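Listed next: structures, encoded as structure tokens.
In the two complexes that follow, chain A is the common piece, with chain B as its partner first and chain C second.
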Partner chain A sequence: MLTANNLYFNYPTSRPVLKAINLELKPGNIYGLFGKNGEGKSTLIKIMTGLLFPKAGNCTFKGKPTQKRGPELLQDIFLIPEEFELPSVSIKAFEYINSVFYPSFSKEQFYGLLEEFQLQPRQLISTLSFGQKKKVLIAFGIATNTQLLLMDEPTNGLDIPSKSQFRKVMASSVDEGKCIVVSTHQVRDLHSLINHVMILNNAQVIFDHSLDQVTQALWFGRASNQEEVIYSEGAFGGKSLLQRTDQDESEVDLELLFNGVLHETQKINQLIDKKGHGSKV
Partner chain B sequence: MDFDNSKPIYLQIVDFFYENILVKEWQEGTRIPSVREVAMMVEVNPNTAIRAFNHLQDLEVIYNKRGIGYFVSDNGYTKVLEIKRREFLEQNLPDVFKKMGLLGISFEQLKNAYNQHKNEKK
Partner chain C sequence: MVQRFDFNRVRQFVKRDLILLRGTFSTGIFVAIILVFLFCLFNMMWDKQLGLEEFYGIFALVYLPLGLLFTFSLFREFGNPKTNALYLALPVSSLERLVAKWLVSTLVYTIVFSVVALLIAILALIFGIVLFGADFNVPTLFSTSYINIVAIYLFVQPVFMVGAMSFSKNKIGKTLLSLGIALLCFLLLNFLLYAMFNHSLGVFAEDGLGSVAFGKASTQFSIFGQWFYGLIFGPLMLVVAYFKMVEKEV
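Up next, the complex of A and B:
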């Protein structure tokens, strides 16, 4: 659905932010995009939505370059950025003005989500708190029902009960035709939703696997034999990441996976690739 | 729903189903929530929920009526009872035995504790 081909990017007078990025995003998935601060996650998302242009390579959505920003593409992409400005109008007016750009927009869904987030349509957006504004944008983004929905740190600013509401809303909004990309540091907020992990480090994609592939090849838990451990945290009763041999499937610990991949990139990728080829034969 | 860190989420959803069937919240032959409803209820990716449904279908605990939804099998309760009993005998009990050995608790003591527990309940 969305493809990045040998993508390069740098801001004026800065070192490369993205180098040789190749990605292929498919519908029906929720992608988690992870990386340390300043590794280019937001930049990559902006390129995906056509807000920035790659210096080399290209990024296409449904076969067309996103930098062309044609209306037929833009009506099927929605981005919820980390920082944003919303006009000083009522929520209802905001919906009235902006929804016309999205043919699949569902009014019913939007007002349903507002109710879920405890917001009234006649509230003036400028009088809302940051978290409430974010909720308006999240509700709007989901209700646009675009094929591609990108979210940059969606849970920042949400209060504790809203995070659970957010997960419920997300779980109900994915379907076979949609592709959702979430960039976040709040791994715990979203770990039960994400089914594919991409990790950016040193301007490159160093990890791009589905969680199914990860659980096939790796095991997370307390290791009895320290020699097999690929990566571990905390000396006493700590968590470890190791090659899965005869153990039962374990739940992926995304934080541990992220740190593990940063330390042992090659080893982990090799294990997953090996497993992938083995099962095909 | 809270997730235990070690067990795959889909298996935890399966356990959630077992419990509902065992306490007869979900009766045999009745319709159960859809994949989407379950995904929302436990806040997970619908793909994960589908895995739980498939797993239970393979075990013949639930079945799918095309276009209508999922139902608890007519012998669903017995099936679950069988599965959970096997799980108890093969997984939980060995753990208990191991602990008993480690702590030097005799079978006699265990028996007394069990009887006491039973009497208290009455």
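Up next, the complex of A and C:
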């Protein structure tokens, strides 16, 4: 669906933000794009939408370069940016003026999601809090029913109940034809939502595996034998990341996985690749 | 990749702009109503009439600056880093976006402003008749003066469109400054061309002819000059605006 080939990017007079990025996004998946602050997650998302142009390499969506920003392409891509400002109109007017550009837009779904988020269509967007504005945009983005939905730090500005509301809404919105990319540095917010993890570090993708592959190769829990531990966070109750051998499948601890990958990139990637299931989802 | 130009998307985009800017648009028209009314009324105070040329003078005085200001407000969404990501990610091609913006800032604006100015001038005329006993002389838009004013706007407006797209802060001031510098450069170019082509005539041989050359250069309106500057300030600036739109990154 979306492919990045040997992508390079840097802002004027700055170090490279992205180096030799190779990615392939496939429909039916919810990708979690993780990375520390300033690692290029937002930049990558903007390149995927065609809002930034790669310095080298290319990014294509359905075989066409995204930087052309063709309407036929953008009808199937929706971006929820981290920072945004919505116009001073009612939610209903916002839907009215923007939905016409998306052929698969579902008004029923949009107003259903607004209800879920406890927002009224007649409310003026300018009177809403940032979190509520984000909910309007999330509802709109889901209702566009684009094949690719890109979300940059969608949980920023949401309170705790809204974060679980977000997860619930997202889980019910994904189908086989859609691909969702959620970029965040708050790894825990995506618990039980994503099925594929991508991690950016030092301007490169250092980890790109499905959660199935992760659970096949790794085990999360308390280690009985410290020698088997790949990575451990002693300060947080001693939860560790181990190579899975004969243990039952464990629930993936995204935060532990993220920190583990940052510390033991090569070892973890080798373990997953060695497990032989190799086929990346 | 060849993109299909879709008039329906342009129409929807024009509608979108008008809804988003209805506050700005109505405030601008309200200001225009007050200014045109007052200028017309003051004009009638002295000579008890509102001549056609006087009306066109007032029309141009309000129509041109308001139109240019309106052009800047139309590109606010494009220039604001917090809004341009959503704006540029809308499934509309760069050409369609530009055509929509151009239609709103020229065609829609000109039609609305002309009708409003005409009605207000007639209203002011009625007030003038009642208050000052002014002559009844109905203003009209069917004249070469009106067409000339609109033509000037059509040629100048794309320059301000490019300014609105190019600068992130102090857009109006920077555009005017750029325009001033460009005009100075063209004046100098005209002067050099004048000097080159008339050198054999010894125009600089006598005192004062240099300033004559400058004077002539500043009012050089040969057919070639008209086409040259007409192309630079009109269509060429629209082409520049198109590429600004295509190459815009957020």
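Just so we're on the same page, the second predicted complex is superposed on the first by the 273 of 281 C-alpha atoms of A that agree within 3 Å, B and C clash if a C-alpha of one lies under 4 Å from a C-alpha of the other, contacts with A are read in each partner's own complex, and residues count from 1 in each chain.
Everything that follows uses one rule, which is that a contact is a pair of C-beta atoms (placed from the backbone, for glycine too) under 8 Å apart; a residue touches a chain by one contact, two chains touch by 3 or more.
Just so it is clear, the model here is predicted, and its values are computed rather than measured.
Trainee: Answer with clash or fit: chain B and chain C placed together on chain A by superposition.
Mentor: On the superposed model, which is not a single observed complex, chain B and chain C fit side by side.
Trainee: Once the shared chain is lined up, is A:53 touching chain B (first), chain C (second), both, or neither of them?
Mentor: A:53 contacts chain C only, not chain B.
Trainee: Going by the contact rule set out at the top, does A:81 touch chain B (first), chain C (second), both, or neither?
Mentor: The second partner, chain C, only.
Trainee: So in the superposed three-chain picture, is A:68 touching just chain B, just chain C, both, or none of them (first/second/both/neither)?
Mentor: After superposition on chain A, A:68 lies in contact with chain C alone.
Trainee: Contacts for A:223 in the overlay, against chain B (first) and chain C (second): which applies, first, second, both or neither?
Mentor: A:223 contacts neither chain B nor chain C.
Trainee: By residue count, which of the two partners contacts chain A more extensively, chain B or chain C?
Mentor: C
Trainee: Given the touch rule stated above, what does A:167 touch, chain B (first), chain C (second), both, or neither?
Mentor: In the superposition, A:167 contacts chain B only.
Trainee: Touch test for A:100: chain B only (first), chain C only (second), both, or neither?
Mentor: A:100 sits against chain C, while chain B stays out of touch.
Trainee: Which partner does A:193 contact after superposing on A: first (chain B), second (chain C), both, neither?
Mentor: The answer is first: A:193 touches chain B but not chain C.
Trainee: So in the superposed three-chain picture, is A:128 touching just chain B, just chain C, both, or none of them (first/second/both/neither)?
Mentor: So A:128 meets neither chain B nor chain C here.
Trainee: With the superposition applied, I'd like the minimum CA-CA separation between chain B and chain C in Å.
Mentor: Shortest inter-chain C-alpha distance (chain B to chain C): 27 Å.
Trainee: Could you pull out which residues of chain A sit against chain B in one structure and against chain C in the other?
Mentor: Chain A residues touching both partners: none found.
Trainee: Going by the contact rule set out above, which residues of chain B touch chain A in the complex?
Mentor: For this pair, the touching residues of chain B are 3-9, 11, 36, 39-40, 42-48.
Trainee: Taking the complex as given, what residues does chain A use to touch chain C?
Mentor: For this pair, the touching residues of chain A are 46, 49-53, 64-65, 68-75, 77-79, 81, 83-89, 93, 96-98, 100-102.
Trainee: Please output the residues of chain A touching chain B within their complex, sorted ascending.
Mentor: 28-30, 164, 167-168, 171-172, 174-175, 192-195, 215, 220-221, 249-251, 253
Trainee: Of all residues in chain C, which touch chain A in the complex?
Mentor: So the residues of chain C in touch with chain A come to 1, 3-4, 6, 9, 12, 15-16, 19-20, 23, 77, 80-83, 85-86, 88-94, 96, 249-250.
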